Amino acid sequence: MTGPKPIPIHEIVRHNKPNDCWVVIEGQVWDLTEFAPQHPGGEGCKYSSFLDVGYSGNETMKVILRYAGQDATRQYNEVHTLALLPTALTISKLMGKLDTINSIWPTAQDTLSQVTHQKKPPLSSILSSHDFEIAAHSTLSKKAWAFYSSAATDLISDRANKSFYNRVWFRPRVLRDVKEVDTVCMIQGVRSSLPLFVAPAAMARLAHESGERGIAKACSKKGIIQCASINASYAIEEIVSAAPADYPFFFQLYVNKHRPSSELLLKRVWDLGIRVLFLTVDAPAPGKREADEAVRAGDILSTPMSGTSATRDKTGSGLARTMGTYIDPSLSWEDLVWLRSFWMGKVIVKGVQSVEDAKRASKEGIDGIVLSNHGGRNLDTSSPAVLVLLELRRHCPEIFSQLEVYVDGGIRRGTDILKALCLGATAVSIGRPFLYALSYGEDGVEHLIDILRDELETAMRLLGITDLSQLHSGLVNTGDIDHLVPSTQGDIFTKRGLKAKI
Amino acid sequence: MTGPKPIPIHEIVRHNKPNDCWVVIEGQVWDLTEFAPQHPGGEGCKYSSFLDVGYSGNETMKVILRYAGQDATRQYNEVHTLALLPTALTISKLMGKLDTINSIWPTAQDTLSQVTHQKKPPLSSILSSHDFEIAAHSTLSKKAWAFYSSAATDLISDRANKSFYNRVWFRPRVLRDVKEVDTVCMIQGVRSSLPLFVAPAAMARLAHESGERGIAKACSKKGIIQCASINASYAIEEIVSAAPADYPFFFQLYVNKHRPSSELLLKRVWDLGIRVLFLTVDAPAPGKREADEAVRAGDILSTPMSGTSATRDKTGSGLARTMGTYIDPSLSWEDLVWLRSFWMGKVIVKGVQSVEDAKRASKEGIDGIVLSNHGGRNLDTSSPAVLVLLELRRHCPEIFSQLEVYVDGGIRRGTDILKALCLGATAVSIGRPFLYALSYGEDGVEHLIDILRDELETAMRLLGITDLSQLHSGLVNTGDIDHLVPSTQGDIFTKRGLKAKI
Amino acid sequence: MTGPKPIPIHEIVRHNKPNDCWVVIEGQVWDLTEFAPQHPGGEGCKYSSFLDVGYSGNETMKVILRYAGQDATRQYNEVHTLALLPTALTISKLMGKLDTINSIWPTAQDTLSQVTHQKKPPLSSILSSHDFEIAAHSTLSKKAWAFYSSAATDLISDRANKSFYNRVWFRPRVLRDVKEVDTVCMIQGVRSSLPLFVAPAAMARLAHESGERGIAKACSKKGIIQCASINASYAIEEIVSAAPADYPFFFQLYVNKHRPSSELLLKRVWDLGIRVLFLTVDAPAPGKREADEAVRAGDILSTPMSGTSATRDKTGSGLARTMGTYIDPSLSWEDLVWLRSFWMGKVIVKGVQSVEDAKRASKEGIDGIVLSNHGGRNLDTSSPAVLVLLELRRHCPEIFSQLEVYVDGGIRRGTDILKALCLGATAVSIGRPFLYALSYGEDGVEHLIDILRDELETAMRLLGITDLSQLHSGLVNTGDIDHLVPSTQGDIFTKRGLKAKI
Amino acid sequence: MTGPKPIPIHEIVRHNKPNDCWVVIEGQVWDLTEFAPQHPGGEGCKYSSFLDVGYSGNETMKVILRYAGQDATRQYNEVHTLALLPTALTISKLMGKLDTINSIWPTAQDTLSQVTHQKKPPLSSILSSHDFEIAAHSTLSKKAWAFYSSAATDLISDRANKSFYNRVWFRPRVLRDVKEVDTVCMIQGVRSSLPLFVAPAAMARLAHESGERGIAKACSKKGIIQCASINASYAIEEIVSAAPADYPFFFQLYVNKHRPSSELLLKRVWDLGIRVLFLTVDAPAPGKREADEAVRAGDILSTPMSGTSATRDKTGSGLARTMGTYIDPSLSWEDLVWLRSFWMGKVIVKGVQSVEDAKRASKEGIDGIVLSNHGGRNLDTSSPAVLVLLELRRHCPEIFSQLEVYVDGGIRRGTDILKALCLGATAVSIGRPFLYALSYGEDGVEHLIDILRDELETAMRLLGITDLSQLHSGLVNTGDIDHLVPSTQGDIFTKRGLKAKI
């Protein structure tokens, strides 16, 4: 990329039409005219390599066209990353560099960057994940907060995810020598200094410029694993490169309607040395998150993620919804054959919510399952993971020796982690708290990990154990939620003729 | 009605006595003197055809007399409709037309029209039925809001109707192909694009001029069925005519103390092609809705509906109560013979609240039942319908193959609908949300239907089903309310001699 | 009492010492010097006839002495009544009449009469017993409100009394002919137009000058029975005389430590034609009502009731506590023999809270029991009556054919009444609401009775019954509180040696 | 200590370095240079006699150095006591006395003494332990309030401790002769006028200058026993000396990492005549009390207790945490042998939270156990003691005849005490309320005892008993929490391979 020619603004601004579309990004002037504007939505496009991170072509184009003849650097960087450009565009499309002399562009409202920065407490005063949440609430942009914190419709699942852990009581043992405690565990054969990993949350750059890279740096320092999201703000190569060589990562996939996109992406993931794949299965349709829908997104938000217009439609402005348009709703158990035809690594099914599906996963030879209602963000009143954990224990206890079980949703304390492990989980997955912590950058993430470790060690000592292998169900009392465990499976009640054939 | 003679105001105002009563409606001057002022209340009257929409003669008269010698157009139109006039009056009573020259009347306070119109959010910002409710609260007149939103005494049933759905958890299945989902269902053999119909709520014109006609238009566009209330603001003919020819309707009946009135009315209903009758049985006495009683009604409110004076009596100003004075509290199962002597269509009993009555309905050959506590508006602490649904499942599961079961009360979300269907309901009935949506007119109603459809489809996909026939009880977990299902029937405990014969 | 001689103020004020004590009441000057100031507390005194209404002699004296040489009319009248004077004093102690010329006394703070009278809504706007409570809260004096509304310590029982009724669901029956409903019932063979009676609440004059007499008038008009309290503001003769001759009353007794006082009192009660005695047994010690303790009583409050000083002691200023000093804490089942030696009428034991005591009452030949935790005013966290009712049904159903069972506490709605009757009660007892209604005088009490009757009739119709004898347990669903019914009796767990003999 | 020489301030202030450190306390000038600044933390030190009250040497030193060359009297006295000096220092280290002429020191912020003293209500208006808490909240220093009132993380256990008592219902018996009631009980053979003792709470001087000595005086007057904390503000000798000779005390111990310190301390305790030792076992790690961490401690707070710097570290400023650094986390059941090798008295294990540990305690010949979750201050969501009490009753009822069982946590009312005793406890332990009462000094503590006695006697009378030996489980109804009692022990569920060996 040596010496592209300078192009003045008055030249650039003329290329502002679908059939003649230039865009400036980081001082480079790109001709995006051929970038698939005519491709039908959801059918893939020839620039599928651009779409590896999860959106279909024509929607991306719609947004790009909005910046035709303009500088889109800031918007692009908010959620995207320059590293994608070489993949997405051939070098021949680079027309030159921005002539920075007389570089005057019209002002744009950037709602995303409306981070108030007021009232952000010093990191040293943050004592818990709750403190991080409070700090994030007051300092993130409205849209970022809405996107991260929102959950489906009436927030029943979201709240239950948290409250159900509070309804499990401990039964500690005393007078054990707990001088030394060890929190190390193995997750899919990978060593972790704590029985938790970072959930594959989307678009971390909304919280901090360093995004998923900042999380990666902190995790590698602290010895825990990050599961990178396909909807990350950075390309997987960039995320991985933020950590020391050979530091292990997990990767989370939504299967693209255009299957070759997914295949190509997983090829890249494999080449980076990643061997554990989390296949998210609980989002065939986007959840209805009204707080997210209600906050109008800035243009820059929709651009890199889904490409759909930010114009409010009848349903709202949901970032999560528009971001998920590429996800294939037809994905089924049968597609595991397809997945394994090109993915040789481990497969974790993320989003199991019933003993029936847990059994099916085991039968299919899946390596692990994440009991999850997607943080309460998809189907409201779907069960908190801890309830599904109890359901498995009651109706299918053998599952725990067949595959590893993880839970996510509502875990905010070291005690929550211990409870999940007492009930059979191998580890837990934590999402939102890491995004909130990231608002302090890499330091925030490290501080959160320190807090969780301290809480976990304290709780282990007070519970009377020194090693996670000593945890068992006799250390907790689930009497307050036991009546919520479905008492029988197979008791299905159908009525005849609910729907006539038409 | 060609060329009635002009009558000046000074002539009209002299006919302002019980024995000489003229009233102006829509520019027409009517002599209502003979209109039954002397008939005893509740005993029927010779102008029973006027009373088909549900009130007895002498109370109507009391109000009419209040407008003796005046123009009552606005008041009449608020809740009534001109179409009733030809039925109620012989043409010979039309005395002429209002001489509009020098047409000066005294100002009247119209409390009904005190719609503030402030803070009404744009329709595009409405994301849920809750948003409609909030908008309606701030924009409807105080009396309209009180009438629509109020419920019996301490609101226990009203709140439980909603909260009980939140206490039912989903047990979704993942990795099903849910690309295409189909929400069509059959209700009494009638095709509906959604498993819901509009409940027979009263007096929709309080929300919007278009009233039930606006609802009809929206429903016919969206392919769902409206059950017209006998207490509608418009005559059934007008409501039906708002939709395309042959578009199906249901009709809801309160049986009049004066039975011939009901017979005549159902004759009209039948002639309009309506074949499904909802017989409301849970309102032999008006519920005590204190919010409704506490807001003083304007004259115009009581006029067309019940004819009773709006003067506050010891009990209050309840619109619902005064509107229901014509309802026959002696109606019993035995009267079904009478009903079937002239109604050849299907009969749905609306208001069943126990397995005992459900069985009785089935034994009587009823085509369907609505499990309902009347939106919590009648007997407070009567059971939410979802609880009765569980009661039927436990103690009389065969009922679901004998007749169709519907539920109403508290359904606000697509997820609520799915839960009811999982537990055996064929469809649900939704009332208040449609009235709140109607405050935006026909567009509001369409928007609400779109929202519900979107929520329903989303929930179906996330639940792992594509067709309503796939729903079954194994997809929900009722553990949180199972203990509330009466464990035994027939366990009745009586004491001797509670009351001596006197 | 013809022509007592006028005595000037300057003469009166000189008799202001214990050994020379005159007091002016209603213009009459009494010499109260010999009125037992030296008698030890709690041991009875020679003027026991004065104490029939329930306090011991020396405490009365302490207060009387505070008014030595003064006019105590207003204070006396607040809670006492002139009718007691002839009983308490011999006529020879009447020294003369107040010379009203130059009748100037020093101003006194009368906290009792600090009734704000602001914000009292018109009676016609009162729709429920809750409205009466709200009105009373804003218009009664602080002390009166504190005394009436307060309950023991943390108010757990007080609140549960109300909320437990809300946790019982109805199971209505529809399509019954409910045109005519009859609310008449028999209570101990006495006809009542409603299945309720007025609880024996103390000191009604705090709410309104007419006091218990006003209640009596309203009750007799409406055909319900008043149970007069031994702690009434008026003597039983005065209360009875407020109603038509032969109108039935009940009477409630606390047994006096000085038993002859109780005997004399019951003699008077019997002579008035009263044949049903409620013996309160749940108050051997005064409950700790902190709201009552915290509001400093005016002198005039303590004067007639307990005679104790209103000076705040370490425990507080509880009116209920100081009023109960005469109650015999040693009363036991064995004393029923004593009671029946002079009382030939029926005996109801008020305050039963366990199946064990219910059985004992039945064994003792008691005519009825009131399941009661004293309105939550005595022992906090004692069970709501509805729970004890369920306990009796489960463990001793035969009790309901052996004696009549009543409940009190928390009954605020017609639906509450019906629920109690469905579960076996013959009638309910209602206290505080009548006191609150009395703040409007006799009219208020009538209005409350009308409200309760209307609520009851409405609920009966909506429940599908026309007569109280049709009530049975199958009409209610107690699933939400069934787990609170003690599952076994006799499962008593003791540990050895809790207390060593000392 | 006759006649130490006067030393002027200008001389003192020069000795302000680690290797030359003088400090003035109560007018005496001490050379603390050799006082172990170089000793490693947690390893014991040669001045271990100084550490008897519970902290390690080098942390003490860090703080002492902060006052090098200054007068630390006020800071020292806040939480320490002069009586420790002869123990801690050899007399040779006393350099002289402060020359009070020209005795001018720089002003210091004393956050501890920022007791507002505003709004403190008169003692006579305090009616309950809740009132004491409210008063303390408004008058204690922020740090003192934070330290006393705080509990672990989300306060679930803290709140449940209180609320669970409210969920136990009484089943009173009536018509018992309850004229005389007796509240005396025996605790470990020691007579107590009430079935309660003062819990071993730390640092009472934060509430009032008299500290634990004030509590001792009040207790001895009222005939109840104080269990002195090892973390008391006064030395045990001083506390004991505040009560009459031979008045009985209990003593509570945290075992020091440096075992000889504990041995020496217990020797002193034994010599004072104390024969009952409470060994706290539920605090091998400090609980995470965020309210405590969040309030910055003044220097003077950290000085005498833990010696750690008050500089906020990443975790916060928790006083409880820094105070507990000397506690040995390796203490186990096996160490009971060690304890008994030099302690001949009774041993109570404080902090049992499961039936398994209760059985173990019994097997080990322990004399009593305190069921406790440390006031909710250590492991959040550990079970309230009342739940463990029910667990013992269900799974190990014989335990109550093998040892004495006490409970603490959440006891605020006389009724709470009775409930614990009904369920098998011999007595209860009360902590925070005594500290709050102490803010009024000795009088406050006496007042609290009076309140509790009054509440207890009232509740006994209303429950129908006269003697604690009459209490049994049939007098309470635990139906609302029975489902929370673990149904089985031994049902432990483990998964294999949670943690690989590394």
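Think of it as A, B, C and D in the order they're written, each chain with its own count starting at 1.
Note that in this section a residue touches a chain if its C-beta (ideal position, glycine included) is under 8 Å from a C-beta of that chain, and two chains touch if they have at least 3 such contacts.
Bear in mind that the values here come from a model prediction, so they are computed numbers and not experimental data.
Residue numbering shows that subunit C and subunit D use the same positions for less than half of their mutual interface. To overlay subunit B on subunit C by their CA atoms, one rotates by 90 degrees, a value rounded to a multiple of 5. For the pair subunit A and subunit D, the distance between C-alpha centroids works out to 46 Å. Centre-to-centre separation between subunit B and subunit D, using Cα means, comes to 66 Å.
Within subunit D, contacts with two or more other chains are made by residues 483. Because contacts link each chain to exactly two others and close back on themselves, their graph is best described as a ring.
Here subunit C touches subunit D in the complex through residues 153-154, 156, 281-288, 290, 293-294, 312, 314-316, 328-333, 335, 349, 351-354, 356-357, 360, 378-383, 387, 483-487, 489-500, 502, going by the rule given at the top. Taken together, the subunit A residues at the contact with subunit D in this complex read 124-125, 127-128, 165-166, 168-179, 182, 184-186, 191, 393, 397, 400-401, 413, 415, 421, 423-424, 426, 447, 450, 454-455, 457-459, 461-463, 467-469, 471-474, 477, 479-480, 482-483.
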